[in-house]
Structure formats: C-alpha cells, structure tokens
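Per-chain residue numbering starts at 1, and chain names A, B, C and D are given in the order in which the chains are listed.
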Amino acid sequence: MIASLSFDPAVDYWLLLAVPGIPFVGYLLQIALRKRLPFGDKLLTLGMFGVMCITVYLAFKAIAAGHHGEAFVQHSVKDGIYFEWLYSGAAALGVDNIVAGIYYDGLGAAMLAVVGIVSFCVHLFSQGYMHGDRRYNIFFANISLFTFAMLGLVLSDNVLFLFIFWELMGLMSYMLIGHFAHDPSNPFFFKWATWASKKAFLTTRVGDVCLFVGVMMFYREFGTLQYTELWEAARVTVANNGGEFPAWMTVAGLFVFGGTVGKSAQFPLHIWLPDAMAGPTPVSAMIHAATMVAAGVFLLGRMYPLMSPEALHVITFIGATTAIFAATIGMTAYDLKAVLAWSTISQLGFMVAAVGLGGVVAGMFHMVTHAFFKACLFLSAGSVIHGCHHEQDMRLMGGLRKKMPITFVCMTICTLAIAGAPFFAGFYSKDAIILAGWANILDLKTFSGWGIYALVSLAIAAAFTAFYMFRLIFMTFFGEYRGNLEKHMYSDALAAEAAAGIERPGGHHDDDHGDAHAEHGHDAPHAEHAHAAHGHDAHAHEPHESPWPMTVALCILAFLGMFGGHFWLLDLPGAVAFWHGAHTWFESIVSLDSLYGPAVGAWAADGISEGILDHSSHIGHAAHVRAVILSLFVATSGIVGAWYLYVKRRDLPAVITKKLDFGYYVVKNRYFIDEAATLLVIAPSVKLGVFLKWVDEKIVDGLVLGIGRANRFLGFFSAWFDRIFVDGAVNAVGLVSQGLGSAFRLLQTGRIQQYAAFAVGGGLLTAAWLILA
Amino acid sequence: MDQQTLQRIFYGALGLILLVVLGGGLAAAGWPGAAFALFAFMTLGGGLVCIWERSVVRSAFALMSTFMGIAGLFILLESDFLAMAQILIYVGGILALLLFGVMLTPPDMSERKLGRVLPGLGIVGLAILWVGLKVAATAKWAVQGAPLDGRADGPISSAEAIGVGFLAVDQYVVAFELAAIVLTVALVAAVYIARRRLSDVQPSRTRAGEVG
Amino acid sequence: MQAYLTQLGHIAPELVLTLVALVVLVMDLVWKGRDSKRIGYITLGGLAVTAWVLWNQWRTLGDTNGALAETAFGMVTVDRFGTFFKLFTVGSLAVVTGFVLADRRERKHGIGEYYFLLLGAAIGIFFMVSTNNLLLLMLGLELLSLASYSLAGFHKGDKRSAEAALKYVIFGGLSAGVMLYGISLLYGMTGTLDLNAMGRGGTQGYPVGLAAQFLISPVPVALAIVLVLAGFAYKVSVVPFHFWTPDVYEGAPTPVTTFLAVASKAAGFAVLLRFVGSLFLVDGVHEAVAAYGEKVGLLLAVLAAVTMTLGNLSALRQTSLKRMLAYSSIAHAGYVLMGLAAMTPEGFTASIFYLAAYYFMNLGAFGFLLYFEGVTGSEQVDSLKGMGWRHPVVAWSMVIFLVSLTGLPPTVGFYGKLLLFYEGIDAGLGWLVVVAALNSVVSLFYYFRVAKVMFLTEPEDAVRTTQPALAGFLAILGALTVVTGVVNERLRTWSDDGQASLGIPQDAARR
Amino acid sequence: MGLGAYVAVSAALFGLGIVAIITRRNVLYILMGIEMILNAANINFVAFNRFGDNGLDGRMFAIFTIILAAAEAAVALAIVLNVFHLFSSVKPSEADLLRE
C-alpha cells in the first residue's frame, strides 16, 4: 500500500502550490477583515492544519519511496508548475528569463513537513497563549504571512526567490519580535520589544546584504539562479579549472555564508537572537528556533556544491565556535527563554559545523529533528510561562512537575532528545554530526586542523548542552515552587540584581492582572510585589496547567521529538538497523545523489571523506562506533553533572560561580560581544553619522548656500530661471494636465451634433494628415 | 433677403441647374446621358432640398426624390432588381417610417436657416470637394474598361443571380441568414422601445399582472 | 450534403448562440415575461454550451495551425483569433448576464428582450470577429450596434437612458455610414470584399487592387482607410470618434455599459486588428501596401497617444464613478491601440493580451459600480465615503482592480502594460511608450481617489443592503486579476495562438 | 456615362448627408442624412460592380445595405419617439443631461 504512494506531478504540484497558498490567503483574509473575520484564529489554524496534512502526506510519500529503495529524485521546474519572470525584460537585457518554479526533493519534503507541523502547532498553541492580546488578529495575520514566506522559501527553485522570501521572513520576524512594542501596558516589554526588533532587523540585514552580494556574484559568473543549473555550473567550472575551486568562488561562497551567519545567528552576528525573545513565546518557538533560523542552514544545504574547501573551513570554524561559545553562555542564564535561545544558537552551530565538515546530510537532519524538539521546548517554556503568569525567571519556578504534568513530560522528552539520549530524535542527528567530524579527521583527504577543533568543540558543546538543558529541567520542575516564597535559595541574588537596576522580562505581562505593579517599579522584593500585583485574583499566583490547545500542540511536537529521528513504525528492516543509525528516515530520502542529482552528487561526494557516506567502510565503521560512544559519553556526563549540581548538591553552583568569579562574569555577560559590537561597530557608525551630518550641515549646505549667495550676487537671473523654469515646469505639468482636462471637458458639450461635427472634423484632419504625409 | 425671396432664388437656381445638366447630358452621351443627368439631378437636388427646407414633411418628400433618383441610377447600372428593392424598401418602407416619425412629432418652424446651414455647408463642402478632387484625380478603380452601352448582351435581369447568390452554399447564405437575425433583433428592439405602457411612464407603480 | 454539414459544423458556435437567443425570446413569450430569473439562467446555460462548443473548436483548430484553410460558406473565416474573441465575448456576456440578475434597479418585465438583445449583440460579434469579408463584417457590426443602441435605451422611462440611446444611434449611424462609404471605396479600388485579397499584389508583377492604386497615388487609399478606421475607431472609442462614449456609458444601464465597455470594445479591437493585419501585414501582401502600413501604424500611434491622454486627463475631474470609468475605458483603448500601432505580430499579441487583462479588471470595476448602485443608489464617487470599511471584500477587490487599471504589479494590468510597452519600444515607438507611462502616472490620481474616498473618509450613513453573491464574484475576479498577473503563461500562449492564426509573418516587424 | 460620373454623384450625396447631420437641428434630419450616406455608398457599390464586372459582390452589398438601413431606421425611430415622449422635443441639442 505504501509503495503505491509515489509522487504524482499532476496532483502533487497543485498540492505543493496550495501549501504556501493557504497561509497567504489566510493572511489576506485576516489583514483585510481583522476583527470582522469570525473565528479568524480558528480559521487560520484550520488552514494550517490543512497545510500540515498536505506536507506530511507528501513527506510520507517521499519516505515510503525511500524505504522501498526507490530513489526520490528531484522534481523540478521542468515537470512542475512554474512561471517565467521577466518575460520580456530579460530578453532585452540579453540574459535568460528567470524561471521561478517549485523545487521539490527529499530535503524539501522534510523541511516542508517540519514547517507545516510546527506552524500548525504554533497556531494551535497561540490560541491559548495569546488569548486576550490586544493585537491578537494582527498576530495571527503576521504569523500566517511568515509561514507563507517560509514555505515559499523551501519550495522555490532558485536563489533569487529564496532571497525574496528570506527578506519577507526577516520583515515578519521584525514585526513579530516587536509585537509587544504596541502594548504600553507593559513598560518592560514595550521598551525591550521595540529595541530588540530593531536590533534583529538591522543585524540580520548585514548578513542579507552579504548573501545578496554572493548571489549576484554567482549570477554574474554563471548566468543563472536555478539551483540545479548553479550546481552543474559549479561542477563544470571546477572541472575546467583542474579540480580546483577558483578563488572568486571562495569569496562568493563566503558572502553567501554571510547570509547564514546573519539569519542562523552564527558568531559574531548571533547577538540578535537572545534579544528576539522579546517576542511572544510562540514566535520564538516558530521563527527563532524551528524555521527561520534554520533557513540559513537550509541555504547552506542548497548551496553546498558551490562552497570551496577553504570556504568550508571557515564555515566549520564559525559553526564549531558558535556551538561551544553559545553553550557556555546557556549554562549561566536564568531566564527560561534565554537558556533556550542560547541553546538554539549552539545547535545551529552544530548544523553549520556539520555542513562545513562535509556532513551536509547530517546537518540537514539535525536541522529537522532540532526543529521538532526545540519548538516543543519553546512551547513548553511558553506553557510554563503562561502557567506562572508570565514569569520567565527559573529562579522563581521549581516544583512545577506536579502542577503541570503534561508540560513536564513533553519538555523532559524533548530535553532528552536535545541532550542526545539514545532512541530520541536528537541522538541520531547529533550522532551523525559527531560522526561527520570523526570521519573528517580519520580521512586523509579531508583532514585538517579545523576538523579536530570542530570535533573537540562539538563534543564539549554536546556535553554542555546536556548539562544546561537538564539544569533547566531540574530548576523548573523539581524542588519546591519558589514563586510564592518570600525567602528561598535565590532570593538574595534576585534582590541584589533588582538593587543593581537589572530589569527582568518576567512577571510584567499582565493583560488580565491589571498593571498595578507597573508603577511601583522593580525595586520591591519580588515576592511582595507578586502578591500585591496578583492579590486580587485568588488562584492567579498558583501555577496551573495550560488549556488544551497548548498541551495538544506540545504533545504533537513531543511525540516527534521522541520518534522524529527514526520512524521504525514504517519499516521494520530500518528498525533492525537503527543501532547503526544508518537508515534513519531522513537518510533514506536525502542523500547527496538525491540532493544534487547524480552528477553533482558524485562530484560533491568526491570531496567528502568516505566514512560519512558509507557506514560499512573501514573508516565509516570505526568512526561510527567511536562516534556513538562519544555521544553517549557526553550526553551522560552532561545529565549526571546537572543532576549532581541542581538536585543533589544545590549549594554547589553558587560556590563554583564564586570560584570562577571573573570567568563567570565574562560568560554571564555573553562574552561582552554586544558591548564589543557597540564599541567597534555601532559607536563608530554613530560617530560617522554624526560626522557626516556635520559635513552635510556645515560643508555641503555651506557650499550650496555659497553658490546661492553667489548667484544672488551675480544677479536675479538665477532666481528668475528658478521661478520660470523649475517652478514653472512643476506648475506647468499640473496646469497643463488640469488645463487640457478642462479643454477636453469643453469638447464634451453633451450635444450630439457637435460631437458629430468634431468627429467629422477630426476625421478630415486625420485624412488630411494621411493624404499629405 | 426675406424667406420668400430666398426660396425663389433657390428653386429658380435648381430649375436652371436641371436644364443645364439635362442639356449637358444629352450633348455628352445622348439619351442615356440625359437620363443619367435627370436621375443624378433628382438624387442631388432632392438631397439639397432636403437640407434646405425647414418643413420636415417637405424634406421627407425631397428625400423621396433622392431615393427615386438613385433607383433610376440603379436601372442605368443594369441592376433592375436593386432598383425595385430601392423603391420598395426605401420609398415604401423607410420613408414611410420617417413620415410616421414626422407625423408623431410636432412641426418645428423655429429652424434657423441660412446662417446655420451655409457656413457648415461651405466648410464641409469645400473640405469634401478637396478630398474628392484629390481622390478623383488619382483613383485607379478596379474596372475592366467596359463602357455602359458597349456591352454586347445588353441589360441583364439581376434578380435571378441575386436570388441564387442568397442561397448558394459558397456565396451569401451566411450573410442572408445574418441579415434575418439583424431584422429580428431590430424588430424586437424597435417594438420594445416604441411600445408604451403605463408602467413605462410611471416606473415606480408597476401594476401586477400587467404583461404584454 | 456532407460538405454542407461540415460547414455548418464550422459555424456551430454561432448557430448555438442563435438558438439560445431564439429560445430566450420564445420562452419569454411563453412565460409572458413573468419570470425574469429563469430567463437569465437559460441564458447562462446557453452561454455555457456555446463556450463549450467554442472550446472544442479552439482545440480542434490546433490541428490545423490555428485556422481552417477554407472559409465556411465562402465568408466565415474559422480561426483561433476569432475563437479567442468569441470566448472572450461569451465570458463577458456571462458576467453581464450575472450583473443583470444582480442589478437591483432592473425592472422585471421586458427582461426577455434584454437577454435577447444581449445575445443578438453577441451573435453580431461572433460573425464580425471571424470574417475577412467586409460584407459579413459590416452585417455583424451593425447587428451589434443595433442591439447596443436599444440596450443603451433599455430603461425607456428614464430620460438619461433615452438620451444615451439617441446619442448612440446618431453617432453610430453616422459612423456606420462613413465606414460603409469607405468600404465602397476599397471595393472600388480592389474589386473584392475580401480583406486578405485586397493587399495581395497580383501575379506576374502586374499589380492589381491596392497595389495598383499605390502605383498612381496613395490618396484614395488614405481616404478609404480613414473612413473605414473611423467606423472601427468609433466602436472602440478612439479620439476623435470617442465623443459618444462618456455620455452613453453614463446613461445606459450599468450591465449594458459593462457590455459596451468590455465585449463590444474588444470586438471592435478584434476587427481592427484583423483589418489592419489582413490588409497590411499578412503573408503575401504587396510591398507597396506593406510600406503604406507603416504610415498607417504611425497614424494609429498618434491616435493612441491622443486617445490615452484625452481619456486620462478628462477622467481626472469626473465626480461620477461611471463617467470616470468611461473615460478610463477611452484611455485604455489608447493603450491597446499602442500594440496595434507597433504593427508587429508581437505587438498584436500584446494588444490581445491586454484586452484579456482588461476583461478581468474592467468587469470587476463595473461590477463594483453595480454593487454600489445597489447599496447607495448613486454613481458619485463621493457616495462611496467610508464604504471600504463597511464592505471590505468588495472594496478591496476594487482596490485590486484599480491597481490593475493603473498598471501596477502584481496584477494582470501591470503585465499587460509591460508587454505593450516592451513591444512599443521594440517597434521603435519609444515616444509613445513615454506618453503612455506618463499617462499611467496621471491615471494613478483618479483611480486612487476612489480608494481614498473608500478608506480614508468616514462613512456618512448606515449600510443598507449587501449582495453577497456579487461581492463573492468580485472577490473571485480580484483574485484572478492578481493570479493572472503572476501566472499568465497560459493566457499569453492563448493570445499568441490567436494572433498567430491571423497569418502575420514573424518578420513583419519593419521599423 | 462613365464610372466617374456615378462616383461623383455618390460623393456629393455623401457630402450632403454629412451636412444634413451636422447642421439641421431636428433629429429626423439626422436620420435622413444617415440614409443619404448609406445611399451614397450604395451608388458606389452598384457602379463599381457594374463597371468592374466581378461577380455580384457590390450589388449584394447594396441589398444588404438597404436591409441594414431599414433595420437601423426602425430602431432609430423607436428611440427618437421614446426621446420625444420624455423630453417633448425632437431636437438632440435639448437632450443634454449627459455632458462634460
């Protein structure tokens, strides 16, 4: 039965077209009708459910084909829906038309399914989470448009359209981060959201410009923007160049990678992502964890054959650095969402590093599994925050295990997944990345110092990941609930922070709790203010489980976080082989051949160590066993460490913190990268702006004024000229059009015989012209 | 000049022109020429009178002269069937229709005449004359060069040829049928628009059941 | 007999449509005009059948390079060009029928005649767009005109409607007479009524017909061409034969205005395209004739420039939406004429494509007008105050139509204009393209005044009624306007197929 | 008489028709002017057919023109009557509700 599910262009292309179409129509409806659209949120969610069904259905087709040994080949514009862009103009420019079409392959199938599922879950979740928001409808409209953009990005078959959707996503990210910027009832979010949205927009713009430059470089050299043609062009170019990448390709590739650095929050442009947490939590889950930030990695996957080895080294370095550096920061954060944000950056580093190491399939795989469990983690965090009445500080939580059982179970599953516990989704993908690193080192062909650096960094980062994620679980769900306690183990630290004027994002969002505490500032001890603020609502200060739309969304994602790595339900032989991790569902549909086509695939594989490609080979086997052991080891060490520090010996963290005094201070302050950016980039920019303004005011204006004076001095000619010709021209256009309009109106006398006379006269004139001409 | 004098001058001039063209036609081409001159005069003179006269009824009758003259020209052009059709349809049908119209509308004697007619006549006439002369001087008509009276087989009755042409598969049958549709549509339209009912005058008070 | 049946098969769409018209007439008599809706549905059903027949014809014509070698009954040219415009006509007539059904101000009796006359006009269009024979063309044109005159005056108790009909019939009669005279001159010079034969220069280097005339002087040809063009120009309201347009559009019932502005105008352009193409551009045309075609092209270009300028500038000051749309339709005639003036096959394609684009956006705009006549009972732009918030679906659809009429992306109007501009430049009419671009800017002002009034002013009185069916239909049209603006491969191909069946050689680009 | 004479008569009649349409104030004159123009064209058709000796085209066209003229006259008169009933005038210049 499953075998009969083969890709049918006649039907499936229309389904694919409907996939971005549904959220777009939803967006239009919602934005046009706003509150007049009855059950707008429900409608959009329903539409998104349809999208999810379509995408999952199509993905299952792909998986089924893969499991039955059929190569899931690329379906491209040649046999699908497409339209020619610049139909006439391109010919005039002397280049080929840009054909925008649908490109659907295994990676696309997986990515679509991810976006479809996560979008649906986020829509569902938001119904509970955003309930009562002032701009509830706008929120849904925006998130629908974002979904449209993301789906379009995945489906588009050329880099130009990828870029267009990329920018659209950037815009929607900006709007969604700034969602609370229109809500003055919460001063903290009000300020933070405005600032964070701007920061995110501007920071990613740096990367986007790089991407555009890179794309244009490729377009200039290759004359095309289609993926398939780009890959082939790269292969031919390199072959003609004696197997070496030309230097410009390294440069262009790095420019393209710049886009990834911006969008996927890689070092050093990662600074926007933690602040993007100013947006509503569902947005964080969808945009800043599962989909948009993954687009950068997706881009790398699409552009991989264009990357020279040198570029790949840079990519490896950046990815590995990001992975470990973000992980260290994640260990020190107390804000629930901040931990997850840093974890996201770290995981994105894993993916980028994987691509750099040649494990492009592994990177893509991790992108997919990560989307599931990270979305689930964020939504669980949202559920916790919602349950704790918009408190985000982990130090004010604890013991929620009993009060929010569903959330607890879901979050724990996904934490196990991200930590790389066996049988969970993250295990397979992280294992594949470690394997890529190991094979990279073992193989002479690809060996470089970067590989060792990457492997070590990634292994440590993986251990750190397990540590800080379980730290999160233990702090949030274990122990006793600290939200209501006046005195607990963190109260001194909190009071000190409050005294130092450090604002916290939590506890301020109060659509339903009044804004009484907004006035009396943040210097009051938290417990007291919590009572004062929420006192009028008897049950409000007790954490509670979230409503069903939220928990259902959590359960769907948690299920995928558990089983997303390996659908052994589908295919028994795959289950037998799962120890080898060889036949995950993902690898059955995405291989280098199916990603880039046979010719380019083989060529791309040529530059990759064979261990990554073939698990049965000597290197592959050796690498694989070591990789599995290493992953198990780091995961276990991280989990045990977290358990020891946050359950067994809860006094130790403070001691360690004290011991590490300066180091902790540096990490806690995010390595001062924001400050460095301010000092090195922003401040000079501002200074430059000030300088240019000065130049403009003093010199340019002065010059202009001088000329003006000279003119006046010379005589009235200039003024006359100005008045008659410049003003005159502007006025004349208006006058002539008005005047001619009036003149034409005079012709329209309403008298038919005069019309006839005019017509005869006009006809005679025409005839005369034609006769005399 | 008062109206009376103008009328006299106009009709006097017309009479003179008639004499001149008749004589000219006779001199130029014998009796056929005279016949042509007569019919041409009927045609154009009728048109002139039609424009000149201020009574609609008179104008309508002048137009009849035009139509009859054209019928005569058709006979000269060996299209006797057409001539009959011209008289039957134009004089018998269209003109009768026009006369109905004339009678259903009141006479309008306030018509200004010379001041309004002459300048227009002059300008348009001159322009058309200019164009006409240029055309006449340069036209190369697709003629076979056969003069009117040089034809061996003499006048033919075109009725049969036309009748066959109407119905022959590869000639005019489509046009014929289309003409039928045109007439049907015109009939329906004319009847609908000319038909008057109470409800047309008082659109807001349509009485139930009033149909027709 | 077999041949006869085959030939009948070639004019099957016309036959079916005639049958539908007769059925409508008879059923109206049988039902004594009591049931207006049922007649409307019969009309729609008949149109659907006609469309189906036409579609089959379109497909089968694909086997013979888009056109049959032999004319049916010696007169009817069966080609994809004609079929394209017939489909266009059926499509717009179906919409107009829907409008009649939705028109709140339409009285109930006489509705049988209403549909019959509409169908009669369509029959006229069917014949006139699919013939190279001037006789049949004239008959079809007159059939369309006669039906249109009476339709314009259909509200016979309404002074404005009656006045519109009077103006239309006078201007139309004059134009028809003038055109007939021009045809007689062409006939005199060539000895044939077949457009394709006129330009052919005869064999053995001995020129006949127009070519022979050109040996002596082009003056008589110029006169004849101007006279005939006057007849077509009146139909598509090109300056200086446009004067009737605003008055008649304003006075006629809105569905009729829609019909005149869309179907009738497209049919006029169809015959204009065929006339110019067959006379000057088709394969085998004598070189003297072809050379003269360039001059005619220049004339058309000048007329196009004047037409679009006049239309747009006059529209600027209109307070009545209906009258504004009338002037806008004049301006659009200028745009379409631009592709014709290019005198290249691609230019013709662009014109045809633009007409198809015009179908979506103008039907939509007039549907909007109809909708608001039903709501406010007024045609004034000012009466739309604040309606954007009261009737969002219709208002936003209208915004799409306005965007498309202005020619902004991502609508089909933009794409159509892009093609026209491109072909204009390609044909060396850069100045005309500049004029057209400036005109588009001018048009922005009055189009967006409508949007401004709808969305940026406060509503004055309460909402009265809505017509959800009409609103939904407009939304669909709006969606189509956008969709065809992006995905118009198919439409372009169809336009090109239609153009290709005219038989203009690809190298007809001479400038 | 040669072809030129007929064409000259036809051209003159055409001119008269135009003048009638433009100058006379009564709408019935306009209709008469239109008839004149149609008749002028008819003379041309028949004359060209007669002298050109090329089938029946011209004569047939003339017949169809007569038919068209009849149809048009019927419709036009119906419209004129309707206008007369509403405006109590047959002067087209007095029906000028629609202008500018």
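In this section, a residue touches a chain if its C-beta (ideal position, glycine included) is under 8 Å from a C-beta of that chain, and two chains touch if they have at least 3 such contacts.
Keep in mind that what you see is a predicted model, and the values were worked out from it rather than measured.
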| item | value |
| --- | --- |
| Chain nearest the global centroid, as defined over all protein CA atoms shown | C |
| Comparison of A-D and B-D by number of C-beta pairs in contact, larger one | B-D |
| Centre-of-Cα separation between subunit D and subunit A, whole angstrom | 74 |
| Between subunit B and subunit D, centroid-to-centroid distance (C-alpha), Å | 7 |
| Computed distance of Cα centres, subunit C from subunit A, in Å | 49 |
| Interchain centroid distance [CA atoms averaged], subunit B/subunit C, Å | 32 |
| Contacts with 2+ other chains: residues of subunit C | 135, 139, 142, 146, 149-150, 153, 156-157, 165-167, 170, 174, 178, 185, 188, 191-192, 219, 223, 246-247 |
| Where subunit D touches two or more other chains, by residue | 7, 14, 17-18, 21-23, 25, 30-31, 42, 47-48, 52, 54, 60, 64, 68, 71-72, 75, 78-80, 82, 92, 95-99 |
| For subunit B, residues that touch 2 or more chains besides their own | 120, 124, 131, 134-135, 139, 141-142, 171-172, 175, 179, 182, 185-186, 189-190, 192-193 |
| Subunit D-touching residues of subunit C, taken from the complex the two chains share | 134-135, 138-139, 142, 145-146, 149-150, 153, 156-157, 159-160, 162-167, 169-170, 173-174, 176-178, 180-181, 183-185, 187-188, 191-193, 246-248, 250-251 |
| Residue numbers on subunit B that touch subunit D, as the complex places them | 25, 28-29, 32-33, 36, 40, 43-44, 47-48, 50-51, 56, 59-60, 63, 66-67, 70, 73-74, 76-79, 82, 85-86, 89-90, 93-94, 97-98, 100-102, 104-105, 108, 111-112, 116-117, 120-121, 124-125, 128-129, 132, 135-136, 139, 141-144, 146-148, 158, 161-162, 165, 171-172, 175, 179, 182-183, 185-187, 189-194, 196 |
| Complex contact set, residues of subunit D against subunit C | 7, 10, 14, 17, 21, 27, 30-31, 33-34, 37-38, 40-42, 44-45, 47-48, 52, 54, 57-58, 60-61, 64-65, 68, 71-72, 75-76, 78-80, 82-83, 86-87, 92, 95-99 |
| Residues on subunit A engaged by subunit B in the complex (per definition of touch) | 757, 760, 764, 767-768, 771 |
| Sites on subunit B touched by subunit C in the complex | 131, 134-135, 137-142, 169-175, 178-179, 181-182, 184-186, 188-190, 192-193, 199-203, 206, 210-211 |
